[in-house]
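Order as written gives the chain letters A, B, C, D, E and F; numbering starts at 1 within each chain.
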Amino acid sequence: MKDKLKIFCCGSNCDLTQDIADVLGLDVSPLKISRFSNDNLSVQIQENVRERDVFVVQSLTTPVSEHLMEMLITMDALRSASAGRITAVIPYYSYARSDKKDAPRISITARLIADLLKTAGADRVLTMDLHSAQVHGFFSMPVDHLTAISTIADYMKNKANKENMIVVATDAGGAKRAGRFAEKLDAPIAIIDKRRLSDTEVAQGEVVGNVRGKDAVIFDDEIATGSTILETIKTLRKAGVGKIYVSAVHAVLCGEAAGRLKEAEVEEVIVTNTVAIPEEKKLSNMVILSVAPLMAEAMRRIHTGESVGALFPH
Amino acid sequence: MKDKLKIFCCGSNCDLTQDIADVLGLDVSPLKISRFSNDNLSVQIQENVRERDVFVVQSLTTPVSEHLMEMLITMDALRSASAGRITAVIPYYSYARSDKKDAPRISITARLIADLLKTAGADRVLTMDLHSAQVHGFFSMPVDHLTAISTIADYMKNKANKENMIVVATDAGGAKRAGRFAEKLDAPIAIIDKRRLSDTEVAQGEVVGNVRGKDAVIFDDEIATGSTILETIKTLRKAGVGKIYVSAVHAVLCGEAAGRLKEAEVEEVIVTNTVAIPEEKKLSNMVILSVAPLMAEAMRRIHTGESVGALFPH
Amino acid sequence: MKDKLKIFCCGSNCDLTQDIADVLGLDVSPLKISRFSNDNLSVQIQENVRERDVFVVQSLTTPVSEHLMEMLITMDALRSASAGRITAVIPYYSYARSDKKDAPRISITARLIADLLKTAGADRVLTMDLHSAQVHGFFSMPVDHLTAISTIADYMKNKANKENMIVVATDAGGAKRAGRFAEKLDAPIAIIDKRRLSDTEVAQGEVVGNVRGKDAVIFDDEIATGSTILETIKTLRKAGVGKIYVSAVHAVLCGEAAGRLKEAEVEEVIVTNTVAIPEEKKLSNMVILSVAPLMAEAMRRIHTGESVGALFPH
Amino acid sequence: MKDKLKIFCCGSNCDLTQDIADVLGLDVSPLKISRFSNDNLSVQIQENVRERDVFVVQSLTTPVSEHLMEMLITMDALRSASAGRITAVIPYYSYARSDKKDAPRISITARLIADLLKTAGADRVLTMDLHSAQVHGFFSMPVDHLTAISTIADYMKNKANKENMIVVATDAGGAKRAGRFAEKLDAPIAIIDKRRLSDTEVAQGEVVGNVRGKDAVIFDDEIATGSTILETIKTLRKAGVGKIYVSAVHAVLCGEAAGRLKEAEVEEVIVTNTVAIPEEKKLSNMVILSVAPLMAEAMRRIHTGESVGALFPH
Amino acid sequence: MKDKLKIFCCGSNCDLTQDIADVLGLDVSPLKISRFSNDNLSVQIQENVRERDVFVVQSLTTPVSEHLMEMLITMDALRSASAGRITAVIPYYSYARSDKKDAPRISITARLIADLLKTAGADRVLTMDLHSAQVHGFFSMPVDHLTAISTIADYMKNKANKENMIVVATDAGGAKRAGRFAEKLDAPIAIIDKRRLSDTEVAQGEVVGNVRGKDAVIFDDEIATGSTILETIKTLRKAGVGKIYVSAVHAVLCGEAAGRLKEAEVEEVIVTNTVAIPEEKKLSNMVILSVAPLMAEAMRRIHTGESVGALFPH
Amino acid sequence: MKDKLKIFCCGSNCDLTQDIADVLGLDVSPLKISRFSNDNLSVQIQENVRERDVFVVQSLTTPVSEHLMEMLITMDALRSASAGRITAVIPYYSYARSDKKDAPRISITARLIADLLKTAGADRVLTMDLHSAQVHGFFSMPVDHLTAISTIADYMKNKANKENMIVVATDAGGAKRAGRFAEKLDAPIAIIDKRRLSDTEVAQGEVVGNVRGKDAVIFDDEIATGSTILETIKTLRKAGVGKIYVSAVHAVLCGEAAGRLKEAEVEEVIVTNTVAIPEEKKLSNMVILSVAPLMAEAMRRIHTGESVGALFPH
């Protein structure tokens, strides 16, 4: 395997890439990304990749366009350097929320990105917890779609007072995801029902379900600005909830998100390392679970042709 | 328009096709579908279609494979007969529920069907109320995705006791759709939370939300066997609900569905004519709203290049 | 080979699939085809197929649309389950007779099916005795096109009175195929010349060639309703022929075909097992030759990269 | 029409192109084909073609590769010059006989040529009397496939002794084509049955059918070297035939063909002008029927969107 | 035209877009580009574009990845909003210098970008002065490739002392472009010959050609950092040149470029407005020629189907 | 390697193919190219190629269209014979000079040829010294682009008087190539500056750079008619040059080229064997360097997956 499987890191999440490589007992292969004075990117693969089974790791985090272009150019360079097979490993696929037309004349950008990845040379994709399971179908190539739901649920199971927990979805669209998570915890669910007052305004939400006196575990796929989480927390507290845990797979944490979460004074914030979290955004009550063992095992199985589905049941 | 726009009916829903043509003041163009002794289908377009703007109407109802093949062969014949543009009009796109991989090594068939339609020559698609909005992104061609939510909501608004209504989703996955419907009615929502006991068994659901004494409007995209609806009704009655209305866009009504609905003794069953309902399945308390005006107007706008999005905001 | 080559059966001809697997010393891999209440098909591959060399066996027999859809969905599931290579094994490719435009504005459906197979993920095709050799060119992927002509000719060679035989084509379009068969038997040929009286009526045929007192071997690619064969038999008898043998590769045997053949009282009806023949259609004078050894050997050679052409000269 | 429809001639059959343009009342648009010293071809379109409906006429006659490349480069230049639609008009599509795999590891070149035409920019094809009707299905774009069978049959109908005529196919493969021609003449058919003695040798043919005393009309799609025709004539004379007429659509007339036909002393040789016939190959008893009116009418209808199938029933 | 032709501006060069629209007597159509908190871009077309002939103007200037993504998402939104034809108008195509493999395992990114534009929905491209003429061939769609060489040459012709001018290319690769420019001015040329000392170091250049006492017009396709221009100026001064003019089509002017040019104290710096130049980078001796009339006329001709090549001979 | 790697020769340069095979210790695999009487080509691969790694060698020399079609048909036959991978080895890619639009409405034929090769089944390309490095980007598959610059430079380094050499480009477009060659020799460069007097006439060139008394090495990618070289020689002699060497990679030598070179009385003419040179064109002062070792090593590395870039830095 050491000879044929190669891992490249495009720069957005080198710690995770290194962790994955460590699990597999491999080195991350060298790649040089530079930038010309006119802001054009240049990528050079610094190792022979002919006929190799290549994995390129990149999370589509800020700056998203840059990170995407780095990945596209890297894959194009790999393909023209005769790589045997190219797997785009995208722990956080950010455009996944642009997965439908909820306004006229907009792009279903999650589909466009899937097409761009194919154009640039990706043969397959390995990703985690897409915003909706349907995004899988946007790809015209094989996709292995992992989930950290079990990883997070396993962690929560060891908390005291597990019997008193209720899983909360931040809106109706997240009810299904929350349901799957609740199933692992054997807990009931509640959802926050929000209404559009106009195209731009959304009314304060109402809790659907009985949360009074319960310990709430808010569960979402990602925490971006944190404002949805904050409003959910307020709504829950008004409804007389007990302790609050916040959990999400992708810790995007834009702008004031970390600050807001700190002020919210919840028990714990449980996330994973699909997105690299800068030191200054790590809170004292933040638990960061690693997806490296999961991704490494998936990559090993993809490489050797073992069943991935058998390992990670959906 | 009369000269350039042509409508063909593939056989699964000729009443709706005729209604649409009537709205547009057009005739349905002749098409001959026959079957050889070896069960091979044969389609002949019986009118010149060179450079014409052609719409082919087919709902993917039982027998689905036959209806799909009729549509594919018809479009292939149209394309090789030099049709100018071919729009696949699919009022009910049945495979839309196969939109994700919820088990290993299965097909995301909603995507496959989209690809087959393209292979057979479809230039664009006009459809209604796909099971999930994301299925839109499975198509690599322009799609106009209409919804009958307003049609049904407008009907419900005229019911007495509107203030006491609550919209109910039959499972967590339908919460978002129910939310949009509830928004039109300015009513709260509740959902039925069901748990998988094993791969094949699902536990009795629990109501999330307060339904006691309210008039429930169950809303779903389709009624297939009716068993989900029936269980929802049971659960709601156990929770002390008032009157029950059942509403859905697609009246698939397989097997015993009509009988079950009859026995359920709800106030009304409100559906549309995206699926042709045989006389014996029409219940005395069934209201069938027509989507012909909506589809006809969309087809007229597609043909003349007017905005469809402006007409039917999502 | 046992580890890497996998055979799946889509349901239309499981006996043949099992025979092929037996020749190769393999098991048929498990596949679950189910049907939702709304008539949607669902296929689940029940074994890991990553990087495997997969063969999917399906004859496109009645119900053709169902059997085709089963095959398309199966291949799509295999592809997205990362199968290494997918060979569509189609012993009887039914739409092969729709291979040209003999009326305006019809589909060349044999080409459409070829394109659909590609869209669904087929990498190559293995088939037998296509209605015309040109259909091979409809595929944009490698095709191995086997023939049972030698299999049937070898059987006929052992009949008494071989010197007195004449091969008869049922119409002018079959003259070439009959000629190739006659060459193997070293026998002369005759053809039935039929004329269209109108678009729907065809006149009684005339024998071209001298059949008086000879033993006729009618040879065709398939027997569907049997009416063509029956008329050929009548015409031959009127022309003073001796014994009559009926032979064809594909025993489609629709509707009354078996009954008609029985009443025709010919010496023997020689066919192969490319189509599964139900017990009630098996006649006492029917000889069913197995193509399993031929197909198994072709599959073995495809898998190991040995020459298939060298084995089965056309 | 004069403004939007443009006809270009690639050089292999300028007389026919001019005749077609004359029928349509148009000029042939200027095109410059030159050749660099290193034998590279260079094509310049010498008129603005943006958004125009362009027809490029080229018969694939000797030198075939040159003529094909001229056509491909011309279409590529037209496409990149923003032509609105490009129709490849190929009166004689020479590779049509390479339409199947009758030996291992050969190319089905008729399909390859179809793919190359598409790659170079053809949007549709207009051609005549392909060697087999199935070649139509090799194209992944609309094809209008005309036939000169009626043109030749209409001419033959005016011959004396029409009641005594028999149509003769030069081999079993041509039986179907001969049958269609015979139908127009209301005459019986005979075929020449030839056997392969080895891979390279073919035995003298035998007449199947009764030709004694009849006037034979040999009918084929093309006359290449004329040797098949010559052998057919010998075989027919040995069988006691009366007068002999030779007819074919494409007068390829390679090498000694014209000389052989002259020595054969048949009544007449009836061909069309799909291939340009040099003066020295025109025999005194040769009748050259023009397909220009047929092709011009087809082009006019393609341009205006009228039915072509209605005009030329197959 | 006003109804059917629509111009959109993606944000990198709105002044030029407005100038083009003014020339055409049109308004720039509204487009909303916004950014989610997770840095995902969102584009909404704010006007009906069905069947319209749409032009999207975007120069690929800093930040290049952002500007490229804006353009790709905009075109995807236009396509799915059923735009009739989409022309990507790219006055400055920045990645054009990545047009070859001058190091192992790099991307020919100019080709990749061309493919991405096609994937996102571009039907054609309008651009100016690509770094090398060959980049035109990277596109698999029609390209109109304009040049500002005449625009700049016309300006220079009115300078005093025209007879004493010599055109200077900054390296051997620019000799051809300089030659074409010199031809318009009827002036001789010189080139700077530079040698690589190692992979990263390049030696001081030498002047090839006689520049002593002449007025030099340095001509390049773009000015990025200005360092190449600066070194050329030094080399020329050492070689005893007279006055120096600096001219280039694309005023990229990264980092210190403007400052360096100011210090270089040349007569004039002549550029165009293909790239938007911020006020602080405009020098007192800078002449900015507008390409708006040229681009507007090309767009008008593309829209109406008139010859573009006839207008702007290369 | 002997079993899996196969080399085929399409006929234009069998000596080079044999030399390459000799270096690799392999036999050239048998291929039969024949021609039907109607000038249609027929190719039969005469060895099993299933899953093999196949290299097809063909230089696109006169007659170019024939040689190209031979290659396309050969690759199509290989693909449909299930070859594992097909590499088009094109030592001389003649259409490479048609790499841009230097006149309106012409084809960028170098791109068209690249697309045709792909359509016919090429998986990758191995070629040498394309006219411009950008042509590499015309291919949508991996290309290994070798150069003989070092081969020729190494030869020249051993000449006496190396210190007095100057490399001369025959026009501005060749300045960059000459510069790279000069770098290897550590010599200065000069270029011939030529002006178009009209579309068809080009003025006598002028030397840019100081050549007086120096020994000139004219370097070009190919020698076609030799007229450019001859004019360069005249211009150099008028400018007082010393000895003259002529060097080029591709010895196309059309028409009078060899005669002209002979009369030019230069020291030596140094070329390679990418093009087969007939005996009568070999001059007494011609040095033919073999590229077989270079190409053989590249093919070996492509086959085994070793780095090609590492071996042949550009």
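Note that contacts are C-beta pairs under 8 Å (C-beta built on N, C-alpha and C of every residue); 3 or more make two chains touch, one makes a residue touch a chain.
From a predicted model like this one, the values you see are computed outputs, not experimental measurements.
Q: What are the mutual neighbours of subunit A and subunit B in this structure?
A: C, E
Q: Need the CA-centroid distance for the pair subunit A / subunit C, whole Å please.
A: 51
Q: Roughly how many whole angstrom separate the Cα centroids of subunit C and subunit E?
A: Distance between chain centres: 62 Å.
Q: Two-or-more-chain contact residues of subunit B, please, as numbers and ranges.
A: As it turns out, subunit B has residues touching two or more other chains at 80-81, 101, 103-105, 108, 115, 307-310.
Q: Between which chains is there touch?
A: According to the stated criterion, the contacting chain pairs are A-B, A-C, A-E, A-F, B-C, B-D, B-E, C-D, C-F, D-E, D-F, E-F.
Q: Okay, in this complex, where on subunit D does subunit E touch?
A: 48, 50-52, 79-82, 84
Q: State the interface residues of subunit E toward subunit A in the complex, per the touch definition above.
A: Residues 36-46, 49, 61-66, 68-69, 72-74, 76-78, 80-81, 94-95, 97-98, 101, 103-109, 112, 115-116, 118-120, 222, 224-225, 252, 254-255 of subunit E touch subunit A in their complex.
Q: What residues on subunit B touch subunit E, complex-wise?
A: 124, 142-143, 301-302, 305-310
Q: Which of the residues in subunit D end up touching subunit C in this complex?
A: Residues of subunit D touching subunit C: 99-105, 108, 110-111, 115, 132-138, 140, 145, 169, 171-173, 175-176, 178-179, 182-183, 188-191, 193, 195-196, 206, 208-209, 307, 309-310, 313-314.
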